[in-house]
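Next up, some structures in structure tokens.
Below, chain A partners chain B and then partners chain C, in two separate complexes.
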Partner chain A sequence: MLNFQTIMLFVGFLMIIAGCYCMIRTYHMLKIIIGIEVAMKAVTMFLILAGYMNGHMGLAQAYVITAIVIEVIVAVVFAGVTIGLYKKYGNMDIRNLTELKG
Partner chain B sequence: MATIIYISLAFLLIFCVMAVMSHSLLKSAIYLALASATLGVILYVLGAYWAAVIEVSVCSGLITVIFISAISLSKIKKEEVQKLYSDKKRMWFLPVMLIVVGVALIVLALANDLSLTNTAEKVTEDFREIFWNTRQADIIGQIVTILIGGIAVFVLFRDDEDKK
Partner chain C sequence: MNYLNYAGEAFLLIPLSAIFLNNICNKRFIEKHFHILTGAVALLQMIAAVFAFYIMDANQMLNFDFSVFGSSKITGIELFDINPVSLVFLFCIGMVAFVSVMISIRTIDVKKGSYVNLLMTLLIGMNGMVMVSDLFSLYVFLDVIGISSFVMIAMFRSRKGLEGSIKYLIISEIASIFILMGLSFISMKTGSLSFKDIGRNLLTNTFELQTILIYAAIILMIAGFSIKAGIVPFHSWLPDAHQSADTSISVLLSGIVIKIAGIYGIYVLTNIFGGIKAYQVSLAGLGIISVVVGALLAACQSHFKRIVAYSSVSQMGYILLGLSTGSTLGIVGAVAHVFSHAAFKSTLFTNAAAIHEQTGTLEIDEMGGLQSRMPVTAFSSTIAFLSTAGIPPFAGFWSKLLIVMALWGSGNQILAGFALCASILTSAYFLRLQKKVFFGKTPEHLSSVTEVTGSIKFAEILLTAVTCIVGVLFPLIIIFLHSRGLI
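Up next is the complex of A and B:
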């Protein structure tokens, strides 16, 4: 019988697959950010699971807070780039980035 | 405790898949917020109270606001997104793949008797002591990251104002 730690590991693995699939298969920039966020949620869950299993929950929480801060900054910067891309090209297709110079 | 975690994990996976598969960007952002809230429940049940509070407030609140702001600024219709990127044709493969991989993982774990177990006794740690004293370098890194993010957003929006 599988315990909940093992099931959490499997669910996190499936979430990473879903996030990577979203990043690979779509050209929409906001959808790509959503894929990154989904994968980051799995990483957050893995960190807390590791802390729970090792008994060092305080240290795991410190790492998770750092990961959340980085996650927010990535989302903010990506959203800014996305809006800039929309203003320049009228859509959010990531293939337009290849036409940029400099 | 295990029952709550099992139910939350099921909802978490469903919300994440819906966020990835939804054709509407607004619905995707809302499903992502729900996934963050569900993850917050899991973190709270496991005993990570501070991480749960920050996950719910920041990931479920702030990031959703950022996404909805970006969507509202773009003014792209749902039909245009579907037409341009044809997500409907591309995303049907995901649930099938997740079910196959999930079943394969469970069968492999049961066949080889793989099961994660706690390796150590729970240590009583004060989170504030670790966060503010032991991991001070992390705080400096976070401050630098926030400053870089602020500068990046300022630069991105400044170019637009210069043109006006």
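Up next is the complex of A and C:
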């Protein structure tokens, strides 16, 4: 049971758990985007693993490149929103965001 | 099938060329005439949807494959595909985009060029999502929708807008991670992600790694699309994001984006995995929790747009209940409810825009007695509320009736009873809204309020007419579609 695929799957799950823990534990906005990026990297690794397991590596490459492009755009939009909030509040603590309750 | 090819390409190329036109032209000229450009795109989209439906009906076709920019088919990546269901979604997209443009003429004063760019990007994302036929392209267009929505909410850089945007962004990215993980798990077994290569035959009874991962993929993808649709355990971002955006943007988000990004994804999953009992039970469970909790939360809010946003959560639950049956009747009911929800939810957000323009507030405790001062707004909001609560003969009644009938027919009598009783909750929170806003005594500071004029009034009248006419003619429409062999 302990072959290459299973080990990589466990590593990926560990990375996702690490990313989610980073998102839950921290209150700093930039650290939250780092957590999201770590989890996304794990998903990218799953896509490569899928290409390895089904034998279509070319298709997996196309998927991975597209996924990376989307990830970068999300990071840029997140950074833009964060800069907007930093200008309004003066720091990056997410506990300050109390305008919306519900 | 040359014309049909043009119609299919039009859904993607018209918004794309509008972006080019918007950025090439003189800025002051385009800011003065932005509503003509965007309104024309929305109208052309509705015309193209009706035209494509007419041609497909005349040729007895049930789906049509086409390519954009001469792209060819390779393993795992399919061509675009239009079918009657996606044409209904495309028509709804055009309708809500048109209403958004009508509202934006009055509410958006700055950054009109950015509004046009983002609206067109959102249209490309939504049109692409309902036309693709493989899961990875679905994910790509899903993120196009997501990214343009985040920027649209934060566009005016108010505190509320930025907060709603960051909340939506974090939760929606978690949904993207779930969906991408699910489709990589499916790809591990099949090697292809096109809809026709994956299906129930993947779930063999053998105990091997790939089969277990496919069950995990189904769970992850239901969770991901439920987050995007705002179904109840995952709904916390929805009222904040929809309340904090400008009203012309909230009408897009609540009227169509949650339905395309969330419900259409679940509809695709239903086509693929619809026969599995566990899948149906989980959708039905999510749906009934969403219906009841959404309605209860809506009843204790005090902001007009928050009430309407929570009402969206509740109505998405009805659509999930329809999809959970997996039968043709349930899916027809769900698609019909998508249409009627697009009509009445757009009406309610247009009312919100009208009230905000005329009174300057949306807190319902500060309002009262607006019925005699704003008769058109009061009338259209009453029609929309009756349609939401499922009172005959409006459009919402028929779609809810189909969903409840499908639930009863599939042996879920208890769920059907719950869905019927939840209509009473719907009437309860909307009666509270109506009483506080339109009836009772007028406070001192609202005594000089007059009826809204211009494009918002036009949109209110148009949407009320759509709700009434579709409601009255609904049996005829169903009989017509049945005679054409589409249902």
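In this section, the second predicted complex is superposed on the first by the 96 of 102 C-alpha atoms of A that agree within 3 Å, B and C clash if a C-alpha of one lies under 4 Å from a C-alpha of the other, contacts with A are read in each partner's own complex, and residues count from 1 in each chain.
In the analysis below, contacts are C-beta pairs under 8 Å (C-beta built on N, C-alpha and C of every residue); 3 or more make two chains touch, one makes a residue touch a chain.
Quick caveat: nothing in here was measured; it's all calculated off a predicted structure.
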item: Contacts of A:I70 with chain B and chain C, given as first, second, both or neither; value: both
item: Contacts of A:L97 with chain B and chain C, given as first, second, both or neither; value: second
item: Which of chain B and chain C A:Q5 touches, first, second, both or neither; value: both
item: First, second, both or neither for A:K31, with chain B first and chain C second; value: first
item: Superposition-derived comparison: chain B or chain C, residues of chain A touched; value: B
item: First (chain B), second (chain C), both or neither touched by A:V81; value: both
item: Partner chain in contact with A:M53 - chain B first, chain C second, else both or neither; value: both
item: Touching partner for A:L14 - first (chain B), second (chain C), both, neither; value: first
item: Overlapping contact positions on chain A, where the chain C interface meets the chain B interface; value: 5-6, 9, 49, 51, 53-56, 59-60, 62-63, 66, 70, 73, 77, 80-82, 84
item: Partner chain A, residues of chain C touching it in the complex; value: 74-77, 136, 140, 143, 146-147, 150-151, 154, 157, 159-160, 162-167, 169-170, 173-174, 176-177, 180-181, 184-185, 187-192, 209-210, 236, 239-240, 243-244, 301, 306
item: Residue numbers on chain A that touch chain C, as the complex places them; value: 5-6, 9, 16, 20, 23, 29, 32, 36, 39-40, 43, 46-47, 49-51, 53-56, 59-60, 62-63, 66-67, 70, 73-74, 77-78, 80-82, 84-85, 88, 94, 97, 99-100, 102
item: Contact set on chain B toward chain A in their complex; value: 2, 5-6, 9, 12-13, 16-17, 19-20, 25, 28-29, 32, 35-36, 39, 42-43, 46-48, 50-51, 54-55, 58-59, 62-63, 66-67, 69-71, 73-74, 76, 81, 84-85, 87, 90-91, 93-94, 97-98, 101-102, 105-106, 109-110, 114-123, 125-127, 129-131, 134-135, 138, 141-142, 145-146, 148-149, 152-153, 156-157, 159-160
item: In the complex with chain B, residue positions of chain A that touch it; value: 2-11, 13-15, 17-19, 21-22, 25-28, 30-31, 33-35, 37-38, 41, 44-45, 48-49, 51-66, 68-73, 75-77, 79-84, 86-87, 91-93
